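By written order: A, B, C and D. Residues from 1 in each chain.
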Amino acid sequence: MSGFDKRVSSYEEALEGLEDGMTLLAGGFGLCGIPENLIAEIKRKGTRDLTVVSNNCGVDGFGLGLLLEDRQIQKMIASYVGENALFEKQLLDGELEVELTPQGNLAERMRAGGAGIPAFFTATGYGTPIAEGKEVREFGDRPYILEAAITGDFAIVKGWKADTYGNVIYRHTARNFNPLAAMAGKITVVEVEEIVEPGELDPDAIHTPGIYVNRLICGTFEKRIEQRTVRS
Amino acid sequence: MALTREQMAQRVAKELEDGFYVNLGIGIPTLVANYVPDNIEVMLQSENGLLGMGQFPTEEELDADMINAGKQTVTAMKGASIMDSAESFAMIRGGHIDLTVLGAFEVDVNGDIASWMVPGKLIKGMGGAMDLVAGADNIIVTMTHASRSGESKLLQKCTLPLTGAGCIKRVLTDIAYLEIEDGAFVLKERAPGVSVEEIIAKTAGKLVVPDHVPEMDIPA
Amino acid sequence: MALTREQMAQRVAKELEDGFYVNLGIGIPTLVANYVPDNIEVMLQSENGLLGMGQFPTEEELDADMINAGKQTVTAMKGASIMDSAESFAMIRGGHIDLTVLGAFEVDVNGDIASWMVPGKLIKGMGGAMDLVAGADNIIVTMTHASRSGESKLLQKCTLPLTGAGCIKRVLTDIAYLEIEDGAFVLKERAPGVSVEEIIAKTAGKLVVPDHVPEMDIPA
Amino acid sequence: MSGFDKRVSSYEEALEGLEDGMTLLAGGFGLCGIPENLIAEIKRKGTRDLTVVSNNCGVDGFGLGLLLEDRQIQKMIASYVGENALFEKQLLDGELEVELTPQGNLAERMRAGGAGIPAFFTATGYGTPIAEGKEVREFGDRPYILEAAITGDFAIVKGWKADTYGNVIYRHTARNFNPLAAMAGKITVVEVEEIVEPGELDPDAIHTPGIYVNRLICGTFEKRIEQRTVRS
């Protein structure tokens, strides 16, 4: 019996079953807290025609930007995609489809997907191009638009520490979209910097309970910095 | 004289109150943090999930896991808290931020704001801007009053795709501070040495000019 | 012979699989935890915000801050996590629980369930029951097949106000295990020594009886 | 300047401005994690005609049950109210109005209230009496009902530790509805067992960020147990 031990022994095993045409949710904001080894494995694996849901699309040559090189992404759902020349080229060439969604909607739509809420009203985006085709309704004296939940066939998530049961703690602002992607993936794969035994993490301090985690792997991370800013 | 970027930030900083939770957008808004009056404390929210953003790190403090919404490495102040993106935007969208300061391309007399896309140019995305303008009651837009080619950015109706509708009440430009009331810009203050006539000439949207328009109190 | 409460729990426990996250309601469902097979591990979710509920505390472990959904003092097992009520119900309502076991007053051939109020009696509230039945794909209802006065609880249509519509697929009673398929109860197993005729007599809703109905494999 | 110091010096000051007829959100599940001293202060203060939103209504003589004694509650929004003889009597006598809402909806409605979501769809309650008068809509092949957000004039919350800025950590299952009430109160008052200096709590482990907290007070707690169950 394996019980609740979510560990897998290789990145290949971690992404077993990820197939062409699937929807992939990826945690991370910019290059902070991205599941960099899982992304690299998807590149190696060559899965194509992916719909990728992530706040950003990495940079040229790192993070989700790697999946642009062999045109593995068919459609990107993101809030900001301005950091990537290859992205721009593929978009302008019509090789890549993009659906821009406000950052807060993106986060809330993934949470809703994980929480069994198919749609919710929000003031964000009312009166803007993203409201086109969406229902508008007033509550109180304010108009809101209806936004739909997002779920994915797979979610790839970067945690800091996890126990073998898949209870995950994130570190600092590397948390960002990771817990939300974890909730909304049919199969959620988490890579972390350290795996400990059950009982070593404080139950009151778990960010992602193991119930959301299907597979767990320990990796090493480059953690590239996008805007290195220091004070003297 | 038109205000410098630093002077614009200084003027906005006068709107800060002790105990305010504040979200500062990229550009001039970011500079506001440098002019927080000595006798008050404010806490900066960064929408990627940090409440209580501190200064930039030293080389020793540099940490790839601690960045702000502009993707710059930062530190957390004492008393900071860190949350996921849904919680961070719950805070924003639920109206819990006391003051949001944002740049814009255009603002109009209805409080509409356009700040995220120019048709024909590459669209990079709205990031958190639509959430920020829809979430806060108290927003100050900072931008130059007119474009480099001299076209007013304070319009009767925005021409660019909107970031939000009916959400802006206060605008600080390089030549004036204005409030939006009843379908008009109301001129509240002018930059030192800038005439009311210049402001009138550079404002395309309906403008209400009171009898007396004081000069801003800004260090030269 | 009708099953005892313990035997009912034993039969339900056979549906557990290694690695299942399970929510057990109050009453007979709670007893299921006593019969988890030795060769598997399950984790119990308590909807007040505890995933990984352990056994009752010793006097020394007793802690007012650690209770289950039945308001009993409990412990947390190693590898437990604790969350707020919205997160706990996100887990339930998002379909992440592998198996939910609940009591009921009535179940019908459409998978409707009534379990929370009897008109004319004082209504105490549904607690988390409506969330649990709407959230799980895999629910087993445990109840006696008929009331004390002999009236069937397996109906063509529930008579009491519903807890959920179309959500129940499996029912274990004191005399039978049934699955709900295409608008009928399908008799899958009978309690040891209970005749098919008795089950037919006590089932008011449409019942499909296969040629062979095996006896349950339950220790006496 | 007081900056972000949320401490008040008395329970009286903590509830200043709470007036007859207001809506009060209260954390707690059963008697676990209830703001017991704040409730006692409301009894002392004598505020009347309150709409109280809380999962339960305490027991006779303790917790929110105290507010029944002088008929301070006009309406109760709760998921389960079965522990209280006085509640039953006032309900049957028509002196108390009750709106039962499923526990998950109650939690999600408060979170929505705090998060600027005026309404959301949920499968919970479809086909039941609580769906009466509510919009039904299908997403995929499943029907859902529309539920509205809940906010309160005041929220009363019980935390474990807080720093002076109002960053709160809860202990074990005493967390329950407390963080949600904290989000949804116009004025949120938190009582805790210990107040520490800013910087003493791990920013990654804060359950309720101080932005939601208006007033903070340190108290001592009876922590009555409702179902004392021990193993031998």
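Miscellaneous remarks
Going forward, contacts are C-beta pairs under 8 Å (C-beta built on N, C-alpha and C of every residue); 3 or more make two chains touch, one makes a residue touch a chain.
Given the structure is predicted, the values throughout are model-derived calculations rather than measurements.
Distance from the subunit B centre to the subunit D centre is 35 Å, each centre being the mean of its Cα atoms.
Separating the centre of subunit B from that of subunit C, both taken as means of CA atoms, is a distance of 55 Å. Inter-chain centre distance (subunit C to subunit D, centres taken as mean C-alpha positions): 29 Å.
Shown for subunit A are the residues in touch with two or more other chains, namely 108, 111, 115-117, 122-123, 170-172, 175, 203-204. The multi-chain contact residues of subunit C, meaning those touching 2 or more other chains, are 76, 82-83, 89-90, 92-93, 134-135.
The touch graph of the protein chains shown belongs to none of the named shapes.
Across the whole structure, chains are in contact as follows: A-B, A-C, A-D, B-D, C-D. Within the complex, the subunit A residues that touch subunit B are 29-33, 55, 78-82, 88, 91-92, 100, 102-108, 110-111, 122-130, 143, 160, 170-180, 207, 223-231.
Considering their complex, residues 46-50, 55-59, 62-68, 70-74, 76, 82-86, 88-90, 92-93, 112, 117, 122-131, 134-135, 161-166 of subunit B touch subunit A. Within the complex formed with subunit D, the residues of subunit B that make contact are 18-19, 21, 39-41, 43, 45, 51-52, 76, 78-83, 87, 89-97, 134-135.
Contact residues of subunit D toward subunit B in the complex are 1-4, 111, 113-117, 163-165, 167, 183, 197-199, 203-204, 206, 209-212.
Considering their complex, residues 108, 112, 115-123, 139-140, 142, 144, 148, 169-172, 175, 202-205 of subunit D touch subunit A.
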